[in-house]
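Note that chain A is present in both complexes that follow, paired respectively with chain B and with chain C.
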Partner chain A sequence: MSGAPLLSVREARVGFFTARGPLRAVDGVSFDLEKGQTLGIVGESGSGKSVLVRSLIGLVGESSGAEVGGQVLFEGRDLRALPAREFRGVLGRDIGVVFQDPMTSLNPVMKIGHQIGEGLRLNRGLDARAAAARAVELLTEVGIPEAERRAGQYPHELSGGMRQRVAIAIAIACAPKLLIADEPTTALDVTVQRQILDLLQREQRERGMAMILITHDLGVAAGRADDIMVMYAGRAVETAKTRELFRSPRMPYTEALLRSLPRLTDPTHTRLSAIPGRPPDLARRSGGCAFAPRCRYRTDRCDEEQPMQTWEGARGYACFHPRGVDVGGSGGAAE
Partner chain B sequence: MPWIVRQLVRLVVVLFCVTLLTYMIVNILPGDVAIVILGNLATPQDIAGLRADLGLDRPMLVRYFDWLGSALSGDLGRSYRNGEPVAQAIIDRLPVSLQLMVMAQVIALGIAIPVALLSVRKPGGIFDRISASAAFGFLAMPNFMLGIVLIYLFSVSFDLLPATGFTPMSEGLWDNFESMILPSLTLGLIEWTVLMRVLRSDLLTTLKEDFILLARVKGLSPWRVLLRHALRPSSFTLITILGLNIGGLIGGAVIVEQIFALPGVGRLLLGGIFNRDLILVQGTVAFIAVGFVVINFLVDMLYAVLDPRVRHVRFRS
Partner chain C sequence: MSASAAKGAVVAATRPRRRWHWALALPLGWLMLVVFLAITADWIGLPDPSAQELILRRKPPSAEYLLGTDNLGRDMLSRIIYGARTSLIVGICAPFLGFLVGGAIGMSAGYFRGKIDMLAVGFIDILLAFPSLVLALTFTAYLGQSLFNVTLALGILSIPAAARVSRANTLAWANRDFVLAARTIGASNWRIITREILPNLLPPMFAFWLVAISVIIVAEGALSFLGLGIPAPQPSWGGMIADGREALDVAPYTALIPAAVMFATVLSLNFVGDMVRNMVDPRRSAL
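Then we have the complex of A and B:
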């Protein structure tokens, strides 16, 4: 890893005003992403992972009634301080996004080829003919047969997996430096999920893009992310190299998540271990650790005090009783 | 049943109901075309004689089906009052009514679309609130009143436009245009309100879609996102209302043509009613009904142009 990170996020915050009072959807999240690396952001629905990433690229902001704070540096430039036009330029050229549901993320009344070429014409200055030709190349690249014919079709004429491939073609069209994949396989058939993930990974490697892979499924992040950030109730509760995270999770929440993954080595009919309780109501946040009510290692301190992020080199966690570390005698190796 | 056949069946049923109802209502009206023609001093014998000549002494249903038969073969009959062929009378006046309607629609859309687009740039903002109030104000205004206000403003106070009367296109395009501006404004200024509110609300729904987010991520400017990505998928309700409004526009045109003394189909109809000229009323109403159904048929076709998904369903499966 050399030089400044591609993306550097410090103390990102997103607040919404709801009928039940203000709500902190994202609360002080920081991370760095180096060029060509993949960061997996993992968390349950409502943990704030999507909102976090959308706020970074301006999709969640004042226009949607949200209050956004913190600093976002992309190649050293403060994205939030850029004038609107320049910001759109960065967004169009250097950042590509693949959304969760390809049924809704493509414009239903616009031909596929046009949707792919649109960004190229705007951001790369291609003329209509060149953009159309490039769109066909991109369709071929993402594995769509008969690309020429498909380019003239509308989204409803394609299957879900095909549409997600089209969405990927749109995202990579302008050769971005950062690809954001927001639950890119959640809405797809299981059989197609793997193909889409493989495609994303292949494109990322060939193009040397950095990627943020948002998922609720640790298994999806496992083989593909260099680093993983686990989010819970709007906070980053653990950040680590993927291998380390799986080998020895520090945060009890991560541990519980790992335990809830089914294993091939388990005998059949083994009950999956679920995490008791429910994610907290963000509008009624307590003063302590948000995970405390569901945590098997909870102490009184957890209820009263918010644990700060503790760093051991590149890995960080927010817990008073980290697993696998001896801190004040209260932690100790799991079981 | 194929779509086109269903449309035709619908047309026939609508026409049958509309003409039968008109026939019955005009028959219930007090007064008699024979008296209108012969005047108040005519003797009962003269009146009875004329009624027999016109065929008015036969039972109503017999007369109706008699009329229906010839109407289906293209003959709408002749006016009881002056013997003018009804079809010819309609054709003579049709251009005026069509021009009025087209100009009114252009004005309505020309106001509604930009105002809706500006409103959704900042929902709840100043422009949005002002345009909403203006829309409700115009919507609440009866068109005869708006017509008179416009005449007062543009003809009486500023003497910019003719108050009433019609100049045919053959006597100068500009003069023709001038004579049609106020009547078209009267209709258009009321119609834009509904169109604007509908388009605004559909735009707001569309703007929440993921594909709008994707368009923004491509680096498109907010206006480009609105015009290129949001407008077309938001226009389906607008088109529907446009078609249905034709009915209201015809009703409005009857009044507006009267106020501005335009020789259109609406005035022909009104004259027919005043004179108890049943056959003229019948023919005009049937014509308007066909027009209404045909226009909505065309609107249905327009969906397919705007939305490829409709094309898919309708023409492939």
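Then we have the complex of A and C:
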């Protein structure tokens, strides 16, 4: 890739203080995202995907009782060092966010046309009439029929799938350079999940946006993401080009995730191998590899030492015994 | 089939329910009557509520005096209706005042959390620590009895409750995704509070306000009963009950009628307030 990445995250860290003690929800995650590319972030529930991206855009931070560390560069600018006003400008103009549940991500007492136009009035200086007209265009663009009439309705008058389309319209209204979609289909009917993902992908391509697509389904990320970052217990355990990740996973957790995917070639009713065991309790972390209790390649070293991220070019993994590699001594800690 | 039935149930449960209960016709009708009479009191040919006719004192209800006359021979019906005006002015304005101040305090506390929240909660607790009636009594005794001062005193008393209701509701709304979504389109705190949270706060605040009106009407009655409410010639329900107390043995209706009217009004307000609260319960409307 050439030039500076659109988004560059270094050693992102988020800690919460809970009744059960301090908890590291995100622990030293780094990644780059180039213009127009899609990064899939994959991991089980509770692995820290939402907290990570929310901390990048200031939705999780000191004001919500969290301790945030690391560096976030957007177009080379340090987002965390920006004054509040400028930060709001970047957030409003250049970054769009689609949340998981369209039942809660729309304001119940505001007409949807108004909600879509709000960002345009705020960030692009459109007057009320121009914003309303643009809102109708956007509704049409995201595939809502009778956009004119729908713009005057309230969220409860729309189905879940339509609401998510509205949420997407809100997110792309100001033509952002980066779209963050946090499990945008988890709360939806299976039948509309695909439509929403296709819509996101189409918008992303046509507008040349970069996208962070969060999902706990590796299959969803497979066809849509250029790169995939697998998260486990708050850490990025494997980062790779999608094709490479699928062809030869390095980290045993990725391997296990892949094995639990249904394949077209499988005979029907093949039992998928779910990963045995449960993710660790983040408030009671031991010193070793977080995946060790569930790992079939575990050794004593795994219990004692935390594997550091190892990079082979743009490809990274955190494991002492990576798959598909002549281990030799290369599995050691980086720097 | 069971799947589609379950889905129907989910849809029904997530829609805010606005069901009309016929049983509410009575309290609503009563409240409308009270408000209507209080507004039109000057134009419906009522005798002067302060005109004394000592020869006609303590007349039981009759065709001429529908609700009888009081200790000083004043027409009870007229006094009840003009008293309704007093009670409603105090009952509506005092909580409104309290809600303006308390609502702002509660919203700031619930939205900004942290130090602001601690300060606000401390302030609320201090206000609550004062015995409320004593505070109101001191206030009117010190500043003088007038409709304005009584309203002000009772308004201050309603600040803590209003602050608590708005703080709790703000806490519940402030972490909703749509508030976060508003931040992601670059909205400022002020805009989020006024445009995203406040509109959602109004329904529960309105429901609570209805109940607060009834509480304030009773409190005003208590102040007047103790002789520190609305000053004498102006009729008020509490004052009427206090006056009627002297003649409880010979003319009990002089105290019982205003008491019954106050009771019916307060009860109606509570019924209607409960209904509104059920309608706007955030747990019911999952939106």
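Things worth noting here:
We take it that the second predicted complex is superposed on the first by the 327 of 335 C-alpha atoms of A that agree within 3 Å, B and C clash if a C-alpha of one lies under 4 Å from a C-alpha of the other, contacts with A are read in each partner's own complex, and residues count from 1 in each chain.
We take it that a contact is a pair of C-beta atoms (placed from the backbone, for glycine too) under 8 Å apart; a residue touches a chain by one contact, two chains touch by 3 or more.
Since we're looking at a predicted model, the values are computed, not measured.
With chain A as the common reference, the superposed partners chain B and chain C clash. Shared-chain residue A:Leu122: touches chain B and chain C both. Of the two partner chains placed by superposition, A:Gly15 touches none, neither chain B nor chain C. Legend: residue contacts after superposition of the two complexes on their common chain; A:Gly92 is shown touching both chain B and chain C.
Once the two complexes are overlaid on the shared chain, A:Gly70 sits clear of chain B and of chain C alike. It is stretch 203-211 of chain B, out of 41-49, 59-67, 167-175 or 203-211, that runs into chain C when the two complexes are superposed. Put simply, chain A uses residues 54, 57-59, 88-89, 91-93, 95-97, 99-101, 104-110, 118-119, 122-123, 156, 167, 170 to touch chain B in one complex and chain C in the other.
Chain contact summary for the complex, chain C toward chain A: residues 14-16, 112-114, 176-178, 180-188, 191, 195-196, 199-200, 285-287. Taken together, the chain B residues at the contact with chain A in this complex read 209-211, 213-221, 228-229, 232-233, 306-309, 312. Considering their complex, residues 54, 57-59, 85, 88-93, 95-97, 99-101, 104-110, 118-119, 122-123, 154, 156-157, 167, 170 of chain A touch chain B. Of all residues in chain A, those touching chain C in their complex are 54, 57-59, 63, 65, 88-89, 91-93, 95-97, 99-101, 103-110, 118-119, 122-123, 155-156, 167, 170-171, 173-174.
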